[in-house]
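Read from first to last, the chains carry the letters A, B, C and D; within each, the first residue is number 1.
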Amino acid sequence: MNFKHKFVFLFPGLFVLIGILIFPIIFTIRLSLSGWNSYTPEMNFIGITNYIRLFTDDPRFWESFFRLSFLSVTTVILQYVIGFALAMMVWREIKFKRFFRVIFLVPMMTTPVIMTVIWRTFFHESLGPVNDLLGGLGVKPILWLSDPVIAKFTVIIVEVWQWTPFMFLLLLAGLLSLPKEPFLAAAIDGASPFRKFVYVTFPLMAPISIGAIIIRLIEASKIMDTVFVLTSGGPGTATETSSFYIYIKGLREFQMGYAATLSFTYLVIMIISLTIIAKVLTKLMIKE
Amino acid sequence: MKTIKTCVTALISALLVFSPVAYADKWSDQFPHIKATGDIPGDCSYESMSKKNYKGKTLKINTHAVPVMGEPTALHAEQFAKLTGAKVDVTHTPAGDLYAKAMVPFQAGQAPYDIVFGFSNFINDWRRYLEPVPKKYVEMKQMKDVTPSHIGVASWDGVMYQFPVDGDRHYLKYRKDVIDNPEYQKQYKEATGKELRVPQTWKEYGEMAAYFNNWDWDGDGEKEYGSAEVMKKDDLMYAAFYSRSAAYSKNPKTPGGFFFDLETMKPLINNPGFVEALTDWVEATKYVPPGGINFGLGDEIGSFGGGQTLFSFSWDDAFVAAMQPDSPINNKVGAAQLPGAMKVWNRKTNSWDEGFNQAPFFVWGWAVGVAKKSKEKEMAFDYLCFFANEANHQADIGIGRFGVNPFRNDDFKVDVWTQIGWDKDIAQSYVDTLAQMEQSKNRVFPLRVPGTFEFNAALATAAAKALAGQLSPQAALDEAAKQWEDILNRVGKDNVRKAYAVGVAMEDNKQ
Amino acid sequence: MNLIGEKISYKPDEQFHLNDVSFNFKKGNLYTILGRTLSGKTTLLKTIAGLLNPDQGSISFEEKDFIKIPVWERNVAMVYQQFINYPHLNVYENITFPLEQRKLSPEQIKKDVDDALKTVGLVGFENRKIQELSGGQQQRVALARSLAKKAKILLLDEPLVNLDYKLREQLREEFKRIFSEGLSQDTILIYSTTDPQEVMELNGEVIVLDEGKVLQKGPAKEIFENPSNLKVAEISNDPPMNVLKGSKNPKNLNFENISLEIPNHFKNLEDKDYNFGIRASEIKLDKNGEEFEIELAEISGSETLLHLKRGNSKIIALIEEVMNFKIHEKVKINFNVNKFYAFGEDEKLVSSPYGGTNG
Amino acid sequence: MSKLYTFLKYFFITFWTVFVVAPFLWAVSTSFKDFQSVNSKVTYIPWLDFEPTLEGWRVLIKSPAKGGVDIVEPYFNSIFVTCTASLISIVLGTLAAYALSRFTFKAGFVRNNDITFFFISQRIMPPIVLSIPFFIFLSTIGLLDSLLGLVVVYIVLLMPIAVWIMVDFFNRVPKELDETALIDGCNPYQAFYKVVLPNSIPGLIVAGMFCIIFGWIDFFFAFILTFTEVQLLPVKVVALNSSITPWWSLSASALVSVAPLIIVAFIVERYLSKGNLSGALK
């Protein structure tokens, strides 16, 4: 179908989005070429000085970027595995199916920044319940937030808690939409549950999985609220992610020009790498 | 909802204005907040304010989260609205974002707030957007009572930009019931061969904290720990570091800068004095409560105020929290100046000067200013003046969660504190501590230069790495110093020097 | 007053979906479009409906440029191979939908819908939901909707393909009845299918389409008897016509070391290499016949399909009884040589048992 | 084997349920505590472990002048902004998604997929990247510190979600359905609202729920772009994070802020169990 009416459908949304975004994007690019900071709040032009600084003299940004990659990839993989497992378990008949489904969905309905405040008290090393209960079992206090390595995993735990439901929802919806025939065929062939999963369920779920993983990667790469509240990027810089680093440079230290440079670079890297990841995943998971 | 509230407020204030009855202290009846003192006559007293009419006008204020500073702001706003008929909108913002919340609109040429609360070290970045305090207010009686160091903190090159409503400094808090306990004194002497006393140096502080760490020394069935400190990066932790560094690095023999050498503008933060302090601090991670390495100010206050640790040093809050009537350690705490050191680095001779050295740190505190672009400046200053009037101030300083701390000579009187239920000797130690700090000639003032945030953040990041064991103290501070140089180059050495000179002059007692 | 298409081409990507298609459809007639899957049948129907605009060529109807008229004003009706109905409406509402769209009077609508329901045999199903119907019933609803509209052009795109065998047979019979009694003389009916048998039974004018090109046009009988080339011969037969590469010499026909007598209608053929064609049904088991090896034996209904091989040639034979064969078993068969077709090396028809030749 | 599997299955489900619920239970417990019960030692059960107080909950409706936070107005603001922005995003996003699913767009190297990616890619930007430009933008058009301004910004946040879900949904609605409508005399707009929309209700509901979720949980934009006139719930709650953090009222307000979205969880689950969601997500 091809009518001129197609533009009437597309353009309102497209132009509203572009209309709202065009200024911010141009502004960001322009800002990235300026030395705007708290003491010289001017849109002066300093060329690519900021970019040179970023690429030659800012290991902290790149460290934060790799940390972000580690955190987001790890959390998304965990969310995928757990989400898939949960979805498989409440896919078919099981007692209290609806109850469990609702329970599993609840965390994604909560505001991360608020829930993380709760998590912070939860993992509080001396006043939180986790260490207290573990202490009851004779486990020494674990430094959930203050050990550089463990803190990363605490962030992961909170992220997994918050967003596994999202993965669970997408995958369960996918499972429920699968055609029944392949499963009947597998049942007739007497395939074991494991083989059924490997040869029927998983391949059928591949396209849905890729969509879910990409969307989650997009969202996970923004990981910010959790770090913001839970650890402030600490201890040291152990949990500092790109967006948090941009936040520090921009709104804490007020190096607006440089923050814009970081933002723009980050955006370009993210778009490129997500496109590549999408392509690679498609190749890996969908066998023709 | 909002309109109803406004109507009611307007109605009440109308009733007030036209009320023919006048009795002895009508104000404390209507405003129970000041019932201890009643209205105290002055330029901004309840009486004076009730004569103003700001009906139909709106005052917008951004302040800190409730309760610290946020609650008094809102409380006085409500009172102010009642008295003058104005409408006062108050928003509350977490501490870390107060700067950005005001700075973003400032830089965009906006003034969504007439009054912005922040910290005194924002002054250099904020001052070009703030209205200097008018002469009328500077010369008021209530302002004359403010101590010179707090006038200095609120001013820039002799011009007052911030209206003093709070005074801040770091000092030592300790558990009196432990330090003064003869049993423990004996026990400690046997174990270490040293006296158990209010620690005079950071080394003593560390030894005692380590000894009283990780066992139940107050018999409540829970373990207690040595010290609660602000170690969480970016949560004001750099201030804690400067407090620990002052004794080792602020040498009265070498004026001309604590953070930088004013002549060369070379960062001093990686000299042996600072390294020694950071080494102590890394050692301190062994005697803080579990998770103490990630404590923010709130955790510190909660931890010490809740009776979990022996020591703590930072703002007044933890002390006042501990002294609240419902606190388990009410009247069991003592205050003292920050510990000193038995040696201090001399950067002229490039060697340690032996001998006792002590240097109080006049850390930044709450500060508040009126936006230049505000359309209601007169009302805004009247509000601030009312906020800090004698009656309000006296009532506020006694309420721990308010975070309003002494900054007037009148506050350094013992009976102000005994009135609200403090033991006399504790009140005495508190008042003495504050007064000694005011009198000290070897003080350190916070860094107030262009790029303050960047400098402090770079230092905090480096220090946090050292605390987390990612870097050695020397390497961490070298990294910070290198970043300071970069920032200096970006901001311009001369810009920083000019601004820093203002603070150094205060430190060197030239003002 | 006809529906005339001229040189229609449609090429949305690398490949032609329609390639230089021309037609002239007259009112009151039934046209069938025969072609394999993806041969362009649906594209052609959608182009006529107005859902696709051709890149080249023109369509006119009642002397008007049809391409300029948007689909919703063309007054066509279409039934898809998927059972497309409006899931949010019940059966009755589904059928009234196009009529209400045309703002007919309620009485008229009621009458038309009742007629249509009667025609397709769904009286009593008015208030059913679409999801509650079987596939065949859903397709009847779709057909009823198309009929009730009384559209001037009625397009049916493989309407039976998604039904099971029995239903297909049954509906096909009904279609014949519906088309003869339910349609006015004003209507052009265009029916696309992959099934040669359907084409024969509907017995209309046929267009054979392959890769977007028209291969042959003509009455069904003509297409069946005289396929203009090998492709048509394959498409218009199920199973496809067998092709045997061979040659004619003055004495006999030769292929795969088999020699057959020359049938009468080949007498005048030049002696050279040919592609011989023979329908599966014209091959019989015969103990005195030629030996072939069985590759596969399929039983369908009361018939058996034998896939046979000899040398480089593979053929299919249709045996009209159910028999069990072993794979790789050798069988002997006999060709009904009087039903042989001869196609040239250019694949064009040279001689047919029904007397037709190409050019 | 299967017994072990069943055991593991129920073990895992139980474990996860406990994990999901634990912070809420902790928050409920904490919301009844006071400074002492929080700071002296770890306590769990009211009356048994500590003396419960309703202070944390009372704070929510008290005025700040009395140490409260008064979340009533922010609560309604949040509901208004979230719902309005979701509605607009759904309307615009659904139209655009329909166009992208049904029609072919070509402009230079740009194809339908690229346009879809453009929509979805808006989600890649961390809020921090956009917050300052949005501030300048809204102040230029005079919408700073207004509900409308937030709605404008939230559209950018939510429309990609609507487009993403609805494109997938429409791709699963056979396009022959709208073609039939066109053939039956509907123009494209009529075909859309008379036929496509009534059959897209599950997709619309799911997209709507997602928009509401992602609108409701935003903190950053609400934080940067509002001052005194308008405050949203998350900002108000986080503003409790003072240097003396009142864990109790924080917990109470967190629970209150989570509550309305539990309804969303039920709606999503309902459509999920009906199997209707299948079309909505790929």
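Just so we're on the same page, contacts are C-beta pairs under 8 Å (C-beta built on N, C-alpha and C of every residue); 3 or more make two chains touch, one makes a residue touch a chain.
All values derive from a computational prediction rather than experimental measurement.
Fewest steps needed to get from chain B to chain C, stepping only to touching chains, is 2.
Among the remaining chains, the Cα-based centre furthest from that of chain D is the centre of C. Centroid to centroid, with C-alpha atoms defining each point, chain B and chain D lie 39 Å apart.
Chain A and chain D have centres, each the mean of its CA atoms, that are 15 Å apart. A separation of 54 Å divides the Cα centre of chain A from that of chain C. Multi-chain contact residues of chain B, defined as those touching 2 or more other chains: 97, 100, 104, 296, 302-303, 308. Residues of chain A in contact with two or more other chains: 1-3, 127-128, 131, 251, 256.
Each of the following residues of chain D touches two or more other chains: 38-39, 41, 104, 132, 136, 179, 182, 187, 224, 238, 241, 245.
By the touch rule above, chain A contacts chain D in their complex via residues 1-3, 5-10, 12-14, 16-17, 20-21, 23-25, 27-28, 31, 82, 85-86, 89-90, 94, 97-98, 100-115, 117-119, 121-122, 127-129, 131-132, 161, 169-170, 172-174, 176-177, 193, 207-208, 211, 215, 218-219, 221-222, 224-225, 229, 242-243, 246-247, 250-251, 256, 259-260, 263-264, 266-267, 270-271, 274.
Within the complex formed with chain C, the residues of chain D that make contact are 104, 174, 176-177, 179-187, 190-191, 195, 198-199.
For chain D in complex with chain B, the touching residues are 35-36, 38-41, 63-69, 72-73, 132, 135-136, 139, 144-145, 223-224, 227-229, 231, 236, 238-246.
Listing the residues of chain D that touch chain A in their complex gives 5, 9, 12-13, 16-17, 19-23, 26-27, 30, 38-39, 41-42, 44, 92-93, 95-96, 98-100, 102-105, 115, 119-134, 136-137, 140, 152-153, 155-156, 159, 163-164, 168, 175, 178-179, 182, 187-189, 192, 213, 216-217, 219-220, 224, 233-234, 237-238, 241, 245, 247, 250-251, 253-254, 257-258, 261-262, 264-266, 268-269, 272-273, 275, 277-282. Of all residues in chain C, only 12, 46, 49-51, 70-74, 76-78, 80, 82, 84-88, 97-98, 101-102, 142, 145, 149 touch chain D in the complex they form.
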